[in-house]
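In order of appearance the chains are A, B, C and D, and numbering begins at 1 in each one.
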């Protein structure tokens, strides 16, 4: 089976390109499943119930999140009720939302999905390593295809997770830095890996935000509103082919989709 | 003119692939200048006078450094004496080494070179922004071709530097994360940009170090020696074509060179 | 002459105890000058023009700030216009507000005042060391009494500043951690020093904020509004006696003032 | 019963003052138990078997550690074998050493002891909160007197732990910043609390290290060996009186002991 993982959707420009492209991409690339990280989809930070619906209606099959998971508290009911959305599994047990889920791909494959937060250069968070062990142990053993979004700042930590889970999951794909890395590969044990798949949103920007604002504040310390930018919108993601018998990856390819100018 | 910038050379494996490939790459790609970041070339951390000579003899024309600049104190004399090596410019004024230099490329172009350290998630360091202004002002105004190695952890900060110097330098290429990013581009003002060009060394590793050691220490907190790894050695770098009249970039391309197995 | 430095005023409880006590403390302790750090005085973060006036009217002679300096943009006009308030001097040159000032104490002594931000565990900021040199060089040389508020997280960095300025200023007193340290002393060169003078506000709190809210969010990751707490209000500060001829400190004493319960 | 907790013993000067004073302090203050944090006792970093023996022989009844716990690997056997020494409990399960222990005080009281690392501004580490719950649940329920060393950088995190454990343990005393805080108190639930008890070692220093070296490296980036300093040696600690029936604190008092000059 073949899945596409779409990196951090940023604001309205990110949502718009997802809406315009997902159907087309599904067909063109014969995708069985589309997963997206939506942690920045609401105005650049967090997710709302309306946007959740919008993304699902657009054809996104499952949603992962990151450090901005609770920026919009209205998302709580969605996190508790809906079955195709997960919160970072290594947040405290009491945190709202499920730590893993399964969804059924177009080809009938049941796919286990979870996301985890990195520790390095990020807010204090529990061990992603032992949490990964626990989450994988909790998934039904006949769920062979398993997808991990590792939301992480440091490349070293991303690589450690890839190696730690190599052979145990189908893919460990990173998010959070908003820049795709050119290191997509299949690790020796059969796990597809990439430090970061990049973001989906305006690239004439500083990781999605208006350049003028970010530069001014950085240079002068004068605070400015870091509005989501508007131009050079791209969808960044990664396509992984998986052997449904073994759950191991067969191929991995970066995808960068840009709207054609009329 | 065309230059190749080689990302962080890690340990002996990194040095070996540089020695084997630089001549070949120069010819094959018609390179006029080869710059390399050598901050990890001595056993994974720092640089020694012997290794400096080794790299220059191999055909590296100029050397930049990063946060590990002073790990080997023997390098001081080289930093003070040699003209084709720079230390991060935003270290304190008193720090050993020059903050910028010029070298003459094979085609006769004089190229200004500097490196800067990022502030985010790194050790305390002075403003890279105002330091960049100062360094660029200090370079002779007829030096049109100007190269900046921005040694930086956070993608946001790398992008801010790209935008801040866009149109003022030929290239802002990042180092330090040891993973190449797939975002190489020419910014609107004509500056070649990439968040990170990746590392030169063993890729069957955690950013250059032995996987088993790093994973064990991460999982258990038991300290282990983080020796430089040995396998899957690659040279990562980026080639930039520059208009010598304007100093602006014409083309940018990622390069990943692997030794052929005999 | 004798000055009192009041640590971070937090919210309305902090302002109230300042208003009630400053007159009394001035008399009781024969204070010639009262300086206060007001970075948290507006709802726990930042400062407004109205609160600035309130504090000055209460008897505060001069105001320093910290990392929250620009949380309330309305303060800009005050920062530009008023002469008894300084912003952290190692913010970029372009940042609003003066980097140092002088005020006249009740005994006629002219006192130079500045504040600086630490680098460790704080947002990227320029060198406090060289900035301190510049600010001290800019003050008129006949201003012998010089006060430095060092707004800093790490004890090591606070101590380095104390030693760096020892003998060059009358006092280096820390703020930012909101907890007074029991290390007040006069350094060998004659500078009064303390890592942190503590905060002025509700102490039945987590550094000024409601305990229940902070504990809940820490334990569960569920976001809660970190309102300023209300109980056990104290004014923390430090009194320094200074020889006006030499500008060196003669004595240093911690002060903790609590409202009496009726 | 009455216990003394001695803050981070730094190097030989720290060990010497412990050896000279512990017997005297025990008698003078009628101490039933002496606990010490020894994470910096070997040359400023870590602990060795020989120093462990030296401290125990000097009269230290139990030892806690911090982030430098494994700097000297020779300590492993001591950590595994000896019953009066604990490693930070929120290190990974696989880490060497016990997560809690009990020792018998001079008055016959059995005292439960553990230490925990903070997360803020420190290396990635598991939850101190849930680990505290687990450790306290593991201690025999008839052990009423319970001591927690919270090795932590940020005052906010120290206060959260105090509040989280208030009424559940006898004392939460902090270490790691090497500077005593003037906030010792008994919290509403009966737990003795202080953000940091300070260090035991040379105070003519930067948190125990030679001033000239630390200042030079900070100012110039030139690396220097941060040797342990030598002068103004003090023992910093805190004395807590505990009701052995309830396990709650009755009194808390800071102690600063200096060698008398002959």
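Rule of thumb we're sticking to: contacts are C-beta pairs under 8 Å (C-beta built on N, C-alpha and C of every residue); 3 or more make two chains touch, one makes a residue touch a chain.
From a predicted model like this one, the values you see are computed outputs, not experimental measurements.
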What chains do subunit C and subunit D have as common neighbours?
A, B
Angle of the rotation mapping subunit A onto its copy subunit B, from a C-alpha fit, rounded to a multiple of 5 degrees, please.
180
Averaged-CA centre spacing for the pair subunit B and subunit A, given as whole angstrom
30
Subunit A and subunit D: spacing of chain centres that average the CA atoms, whole Å
42
Could you say which residues in subunit C touch two or more other chains, in rising order?
92, 219
Counting only contacts in the complex, subunit C reaches subunit D at residues 121, 129, 153-156, 159-160, 163-164, 177-183, 188, 195, 198, 204-207, 211, 214-215, 218-219, 254, 256
Per the contact definition, I'd like the list of subunit A residues that touch subunit C in the complex.
70-71, 73, 91-92, 94-96, 219-223
Considering the complex alone, what residue numbers of subunit B touch subunit C?
92, 119-120, 124, 126-127, 130
